[in-house]
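Each chain carries a letter (A, B, C and D) given by its place in the written order, and its residues are counted from 1.
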Amino acid sequence: MSNFENLIEGYYRFRGTEWQKERERWTELAAGQSPKVMIIACSDSRVDPSTIFGTHPGEVFVVRNVANLVPPCENGGGYHGVSAAIEFAVTKLKVEEIVVLGHGACGGVNAALTGSLADSVHGDGGFVLDWIGLLDEARDKVVAEHGTGPEGQRALEEECVRVSIANMMTFPFISERVDAGKLKLRGAVFAIADGKLRVLEGERFANA
Amino acid sequence: MSNFENLIEGYYRFRGTEWQKERERWTELAAGQSPKVMIIACSDSRVDPSTIFGTHPGEVFVVRNVANLVPPCENGGGYHGVSAAIEFAVTKLKVEEIVVLGHGACGGVNAALTGSLADSVHGDGGFVLDWIGLLDEARDKVVAEHGTGPEGQRALEEECVRVSIANMMTFPFISERVDAGKLKLRGAVFAIADGKLRVLEGERFANA
Amino acid sequence: MSNFENLIEGYYRFRGTEWQKERERWTELAAGQSPKVMIIACSDSRVDPSTIFGTHPGEVFVVRNVANLVPPCENGGGYHGVSAAIEFAVTKLKVEEIVVLGHGACGGVNAALTGSLADSVHGDGGFVLDWIGLLDEARDKVVAEHGTGPEGQRALEEECVRVSIANMMTFPFISERVDAGKLKLRGAVFAIADGKLRVLEGERFANA
Amino acid sequence: MSNFENLIEGYYRFRGTEWQKERERWTELAAGQSPKVMIIACSDSRVDPSTIFGTHPGEVFVVRNVANLVPPCENGGGYHGVSAAIEFAVTKLKVEEIVVLGHGACGGVNAALTGSLADSVHGDGGFVLDWIGLLDEARDKVVAEHGTGPEGQRALEEECVRVSIANMMTFPFISERVDAGKLKLRGAVFAIADGKLRVLEGERFANA
């Protein structure tokens, strides 16, 4: 049996049980979404935010990409997927909070930390290399202080969340609303192995 | 209570129940991920793929952005988030299937269909406008045949999935593996209102 | 919502739960059926034999018609649905037992008992009148002894099971196998109100 | 243990669990049935409609015979079991929908398709041969187009449902109600092997 067939079987379970139990909810949702929170999480198969936060359909607008990264504001042309999603969530859906969710054992962060993809070409790591270039500055700082081992990995996972938050602040439609108290930017890191969630409080991360 | 606080409460529930029940599974997952499937879904709060397909942690590598779009291969510099995610999934994780999951009542598709964001500037719809420019050609074809009403919306939601699949085939590392039978590209559309899942079979969509 | 839609929702439940749990069983069943028992039951919505006997897919071959009746063997042309089903079950599937399941509060039996459909024309009770003509002889005997009230109803429900068994014995392919000990004919009556099952033991019915 | 004994054990389970849980429901049902739907299904042991549609006691009036066939209206004398059941359901119980449920791997359909029972005598396939004569015309059409292999089998299973629906329309008490919008005739085919349900929508069957 192929994997897609497994997904279809999963769909039948969902359609035959949960969907039916919340039928009215789904009918309402068909009319439109009005989430109050946006989450930016990693594509990693182990860190589904709806699982980790126990959310329900309609509650969170979600972007997922490698290493939960937000690029800085760039006004040139081109396809800016994350910028489009943030703009839609903030200016159209008017979400009140954006949570950047990092995680332990992140492959993208590890590649940034160790330089394992240096000199890779497009099609064999090069696109990932370009993308995690967003972490270059943070990486240098972390390596100088913590090295490239487990301690460096954890530090860069946290720093990566700070980078995405800082980059969000370069979008005027974000910084204006944050300054006006209409939007809050949050950070957290989920540490797969022991299931701990560390939350950004001011300058530092602490267990939830 | 703020919305982020709700998420933290949800995390405590997850940590206190599901995480504990599958503690061994999480310990294994901490060592690494090996998903066989990648899903590209919309950021829309109503279409969480792990809910719709009933998947478990570790099973699917997920990208979510506005309108579940994949841009064509562009080898210039810049931050190509979707390209990086696909490259990582295909060349590093060696997933065997990539599923593009569209959905009913998609706001991004609707903006493309109706031109409601035309002339928008960055910060007020302009980033979304640039992004859904990926649908321009498909939009013209759909509008000519189905108009800009509900029928056009449904047609463009399906066409949008086809566009992402076609764009994926412009990446050499994808087309080579598809041609060699090592990778399959799938499409599906989840129609929130009645819970139906339509699956791309050859040229057309049919109920699962 | 129409009733057929309810059935479809029920199908989704079945497909998403029970079908999946017994997936291997269904794969085996697709290759062919080999039930050991045939049941002849009433079309009445209250007496589903798989519910009453807790049977699983593949276990019982089932005929359902008004008043669980078997006509006598008629070798002229025409569409003999019950005869075809019995012939298929006995000579092709080689079932080892045939159970006639009557039930309390049977509308067909009541019409036979009270003559409420006498003189009805086809399209307004006439087809039912013809069909329950199979009970004419039994009815006369029961009414003479028990009248047309509740006692007569219960007596005719039991007699109806005996009629079907007697008619089955007019089919040579049945009587031969019964005489050879290869086939057993059974009778039972399910009394909806108190949930009792009365079973034919020799000449008389007794609680299971 | 004999097979009938298994049924009796199953009855005890039913009586000791489900019946008790819904005791009030059964008390109500003892007063009379008022189903809104009639189902015409095959006698095949694998396609119990209450299982496939997840229905409860009192909900559906059920006819089961070989290949879920309805003969055309015949006003001559004789025992017309299916006609009696339809007449009772439509004119007495006033059901609003009649569903013809076909299924995959149907032995009756296969015999019609392949002519495997041709020249059979009563008692050794002849009754079945007469009965599936109802499919002669449909069979010729299907064989010409699809042959007698798996494709022909699936086509005739679907065509068989259409034949039963067409034959129902030859009963004036049916066609009048259908024309007046008081009765709907539905068709579906359950494909045992993969658990898919195909539903007749207008002229063609599509997945539910």
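Observations on the model:
Here is the rule we go by: a contact is a pair of C-beta atoms (placed from the backbone, for glycine too) under 8 Å apart; a residue touches a chain by one contact, two chains touch by 3 or more.
All figures in this text were calculated on a predicted structure; none of them were measured in a lab.
Subunit D is reached from subunit A by a rotation of 95°, derived from superposing Cα atoms (nearest 5). Summarising the inter-chain layout, the chain whose CA centre lies farthest from the centre of subunit B is C. Centre-to-centre spacing of subunit B and subunit C amounts to 53 Å, using the average Cα coordinate of each chain.
Between subunit A and subunit B, the centres computed from C-alpha atoms are 15 Å apart.
Shared interface positions of subunit D, defined as residues touching 2 or more other chains, are 208. Counting only pairs that meet the touch rule, the chains in contact are A-B, A-C, B-D, C-D. Residues 2-4, 7-8, 10-15, 18-19, 26-27, 29-33, 35-38, 43-48, 50-55, 57-66, 69, 71, 73, 75, 77-89, 91-92, 96-97, 99, 104-105, 107-108, 122-128, 130-134, 171-173, 184, 186, 192-193, 195, 197, 199, 208 of subunit C are the ones touching subunit D in the complex. If you check the complex, the residues on subunit C that touch subunit A are 9, 12-17, 19-20. The residues of subunit D lying in touch with subunit B in their complex are 206-208.
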